Each structure stands twice: as structure tokens, then as C-alpha cells.
């Protein structure tokens, strides 16, 4: 058990170190999501009412779009110098590669969220009616769902031609439930609804997270097979 | 010792390897020659347990004690024309990463030892993207040997090396041989690294066309045999 | 050995008969519905198409699992062909749905949970076909498609759950059509369901045949190239 965890953290640390050292995707992701929020703030010239209506969707869409930039990088880095073959020649199991990469992608996405989130409050003059704690939980479990599916499907598309353009096309339809649930729950917290009115959404996100944790563990071997 | 028994592999309808059996006893150094597309790299990947054959079996060392694929991979080191190295990481971090994947204890001492062997001690904390092609190849040798494998598999390791790199790699191979390592090297060249080879296999169209010892074999003879076997 | 061609003939023959019967029932026999008029007949195409679409994607799911288990090419061919047929029938659902909606409720599109799920389903299997086509003839690609065929199908029930829950909190403009069907309509619907199911298998077999021939041509081509 300890040994397996050590392998997962080895992948996790390696990805984070090379990512933050190269700075390519983290910087791009942050810049991109800030840009979206500035542009939308200009496009809609938000009044208080429209803010509450569009902001949850805007937040999640900008996160998904900037997250995809990072997901595409994850395996591009492994293909360069055939590093993936190198990894697969060691005793590590494919599911450990998957978990390590998912964890690293999650940390990068959370990093983007921590930077951009305060900016939403500033640019859109938002005052939160619900609980900040619950909002953070929703952001966290929603991000987990997105990253679990995204890390899995990015491994799939990295095998294909035109993979960078392909990832959103195959990822978005599968993300629909978690995205819808996260937007609805976020929106409920913004407008200050009581918890039992949006608890089913939170449950739905958790179910989604669980299913898309289990499925990749069952199927990731097939994506890592070398022929 | 490494052995492949009745290995076949097809891609779609293309038979890349047809029922191949090879056995390399411990301490033997075998070179595999063959034209492009003969299936050399495919065979190497199957022996390294990276790729699965459609049928057949790979045996590495004494398998009576341990036989999970993970444990077996610990006995193999591969060197290829790709370096398997991360440009943003330093030489040390690259070796540390792979050492950890092999689950090694006492990693730091091992890293220093192996990096000294390839003469890169001064570049230990440099990021790999600053390395020249020769340094990269040396580091990839260190990477392959970090876990002290019993069996070393090489896929055209001399491609793109300068004279200095060639003699360094030859030195490493000689060293490995004197340590009784089992070595299988896929190569294009009739000269580079051939001095220490014990046996030559010629692979053509997915089959072993010839298998002979190098003792008393002249370079001209080798070329003649090769062209005989591959031409038809 | 003669059995399979015989079964095929029986299948094609019974599809033909059942198709004629269905057309007769829909356009001649079943009375015109009072409220909606002739437009209501779209119902006999819409519902069976939806059924066939789900059946087709279930077949993709099962064949994908079988392909990963056995690596037998035929399962990949079944999965790919079934997905193509499924996408066509999903498109029929998505076209007939709004026509119905326009006549029944006065609006083209509503985010009805079933229609929403069908739309997402369509996108998922379009993505599936894109994956298949982006590196044709490569065995690795069959594997990637199979993985997506499995994970895409698993996603569908969650999509439906989300869509239904979404509708319950947003105002529902139109009531679901839970009207008990009169016997004549029920009989017609049943015959249509049978016909569409038979039609699915006919199209699946044809589509598989095309794929098999295409692969054979591809192989012959590369053999011929090798001779040079």
C-alpha cells in the first residue's frame, strides 16, 4: 500500500515540478481565465441581477476551457523523448500513472481557481449570500469530477492526430452532468438558497466523481498499452 | 538470462514477428541485425515487457521465485535512440524519478555512482534541455542502469552519436559484459559496438534468418552472410 | 453453413413484410388523433427511432467490452457499425422531436429530459465516430474507440438524471405526455417498434459488410504496395 502510494506521488511530484518549472500551462491557464472574466465583464456590463444568473456558468466554463489547456499538456510532455515508454518499462502500474497525473492536474486547476476567484468578486462586485465553505466544497468536488474525466480522455486523445482540437469535442458531452450540477449548485449558493434545495446536485457530483474514479481505474490499462 | 519463446505479433493483418524464439544466457552479448521494418524494435519492446505479444512467452532470469511483471521489469534496463528524459528536470531529478519508480532504497548514492560512470557529475544539477546530444545519450545510459539491471536491451544506441559518445558507449558495454550482464543490442552498423559481441542474430521479415557466433568471424564474412540472408 | 444466409434472408423478408404492415397501419388503419391531427403520426417514427438509438448504443457498449476482452476484430466492426446506425436514428429523434413539439406545444425545442439526454447522446457518439475515423485501420484505434464506447455509455444514465433534476427545479412549461394510449394506437406503435428493430439489424449487417469489404480493400492495397 505504502509502496503504491509512493509511486503515485512520484508521478505527481514529477509532473508538478516540470509543470511549474516550464510554466507553460499554468501561466497560460491563469491568463486565459482572467482574460475571459475581463472580456465577459465588458460584454455584459453586469447588473446585480444578471451577475447572479450568468456568473456561475461563466466561472465553470472559463475553468473548463483553461483546464483543457493544461490537460493537453499532460501527455504531450510524456510523448516528447518517448518518456512514456520509459515509464512503462518500470514496475509502475498504469492506474498509478493515472492517479498521479490526475492529482497533479487537480492541483494546477485549484491554483488557477485560487488566483481567479477573488477577481470574480472584484470585477463583478459580487456579494455571496450563501456559505463560502460550501462554495469551496462545490468548487473542489466539481473540479475533481472534471479532472478525473479530463485526465482520462486526454490520455485517449494523445494517441490521435489533431488531439488538441479533439479533446474538447469528446470531453464536453461527458462532462455535461457534472458541469450542470456544479453550475446549479454554485448558483444556489450565490443566491443563498437553503442547502436541502441543492443537496441533490452535490450528491450528483459525488456520484459522478465516484463513477469516473472507478471507470478509469478499470480502463486505463487499455490506454497505456504499447504496440 | 532472457528468453522469448514462440513469440508472434501482428499489426492488423501484418505479421511483424512470426513465431520467434531467442535465448540469451547470462553474461552473453548478442547483436540483432536486420533491415528496416524487420521487427527488431518490436521484438525488443516485447522482451522488455512493454508490449504484449499475440502469442508466446518471455522469461527473464530465474522466475521460480518472483514472477509478477512489475518485479520482472526491475531486472531490465533499456537504452534506445529516444532518451526517455524530461527536459525541464535536472539530471539528478531525472535519475531520481526513475529510481523511485523502480522503488529503490539508498537512491542518492546510486545516482552519484552511476552519473560518475557516464562522466556527468559536473552537470548533475543542470536542466536536461541544456544538454548536448552526446550528454543526453550518456544520461540516458545512466537512466537505464540506475537500478542495476541484469539484462540490458539496446535499440540502435549508436544512432546520432559522435566519436566521443561512441567510444563511451563501447566502454560501458565492455564494462557491463565484464560484470556478466546479459545484453541484447539491435543495431544497424556492422562496426560500432561489435567488438565484444558473442553472437549475432539476423532478423528478416519477422523471422530469424541466421544465428551464429562471432568467434573468428571476419567483418567481410559478416557482410556477405547478411546480404545473403536479407536479399532473398 | 447455409444457416447464416438463410437467417439473413428471413430477416430481410420479415423486415420487408413488417415494414409494409407498419406503413399500412400508420397511414391507413389507425384513426387520426383528434387534438393534433395528422402530425401526431410522427409519434410512430419518433418513439421507435429513440428505442433503436438506445439499442444501438447498448450494442456498442457490449461489443466494446467484448473487443477489449477478446481483441477479435469482429467486435470492433459490430461496435463501429452499430454506432453509425445509432447516430442516424438519434438524428431522426432529434429532427422529429421538435416537429412534434411545434405541433403539440407550439415550440420547436424544449429541454425535456429525454430530448436533452438524446442530444447529449448524439454528441457522445459523434465524438465516438470522430475517434474511430481519426486513425483508421490502426489497431490501437479500435482499442481507444472501445474504451470511449464503454465510458460514453456509462455516462448516459447520469446525463439523464441531471437533465431530469434540472427540469424539476426550472419551471416545467409542458406536461409530459403520459396519456394512456387507445388500443389501436398501441398496436400500431408495437408494430412500428418491431419494424424498426428489424430494420436496425438489417442496417447493422449491411454496415458491417461495408466495413469488412473496406478493410479487405485496404489490406489488398497495402499488400500490393509491398510488392513494389
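Labels A, B and C are assigned to the chains in the order they are written; within every chain, residues are numbered from 1.
One rule holds in what follows: a residue touches a chain if its C-beta (ideal position, glycine included) is under 8 Å from a C-beta of that chain, and two chains touch if they have at least 3 such contacts.
Worth saying up front: this structure is predicted, and the values here are computed from it rather than measured.
Engineer: State the chain with the largest centre-to-centre distance from chain A, centres being mean CA positions.
Structural biologist: With centres defined by C-alpha atoms, farthest from chain A sits B.
Engineer: Where the centre of all protein Cα atoms falls, which chain's Cα centre is nearest to that point?
Structural biologist: Central chain is A.
Engineer: Check A-B against B-C and say which one is joined by more contacting C-beta pairs.
Structural biologist: By number of C-beta pairs in contact, A-B is the larger.
Engineer: Just give me the whole-number Å value for how far the CA centre of chain A lies from that of chain C.
Structural biologist: Roughly 32 Å, centre to centre.
Engineer: Please compute the C-alpha centroid of chain A, do the same for chain B, then give the distance between them in whole Å.
Structural biologist: So the centre of chain A lies 39 Å away from the centre of chain B.
Engineer: Could you please state the distance in Å, as a whole number, between where the Cα atoms of chain B are centred and where those of chain C are centred?
Structural biologist: Once rounded, the distance between the two centres reads 50 Å.
Engineer: In chain B, what residues contact two or more other chains?
Structural biologist: 11, in rising order.
Engineer: For chain A, which residues are shared contacts with two or more other chains?
Structural biologist: 225, 227
Engineer: List, in ascending order, every residue of chain C touching at least 2 other chains.
Structural biologist: As it turns out, chain C has residues touching two or more other chains at 139.
Engineer: Taking the complex as given, what residues does chain A use to touch chain C?
Structural biologist: Result: residues 152-153, 156, 159-162, 166, 169-170, 172-174, 176-177, 180-181, 184, 197, 200-201, 204, 207-208, 211, 215, 219, 222-223, 225, 227 of chain A touch chain C.
Engineer: In the complex, go through chain C and note every residue touching chain A.
Structural biologist: Contact set of chain C toward chain A: 68, 120, 123-124, 127, 130-131, 134-135, 139-141, 143-144, 146-148, 150-152, 154-155, 158-159, 161-163, 165-166, 169.
Engineer: Show which residues of chain A lie in contact with chain B when the two form their complex.
Structural biologist: So the residues of chain A in touch with chain B come to 3, 6-7, 10, 14, 17-18, 21-22, 77, 80-83, 85-93, 225-227.
Engineer: For chain C, which residues count as touching chain B in their complex?
Structural biologist: 137-139, 219, 222
Engineer: Residue numbers of chain B touching chain C in their complex, please.
Structural biologist: It is residues 11-14 of chain B that touch chain C.
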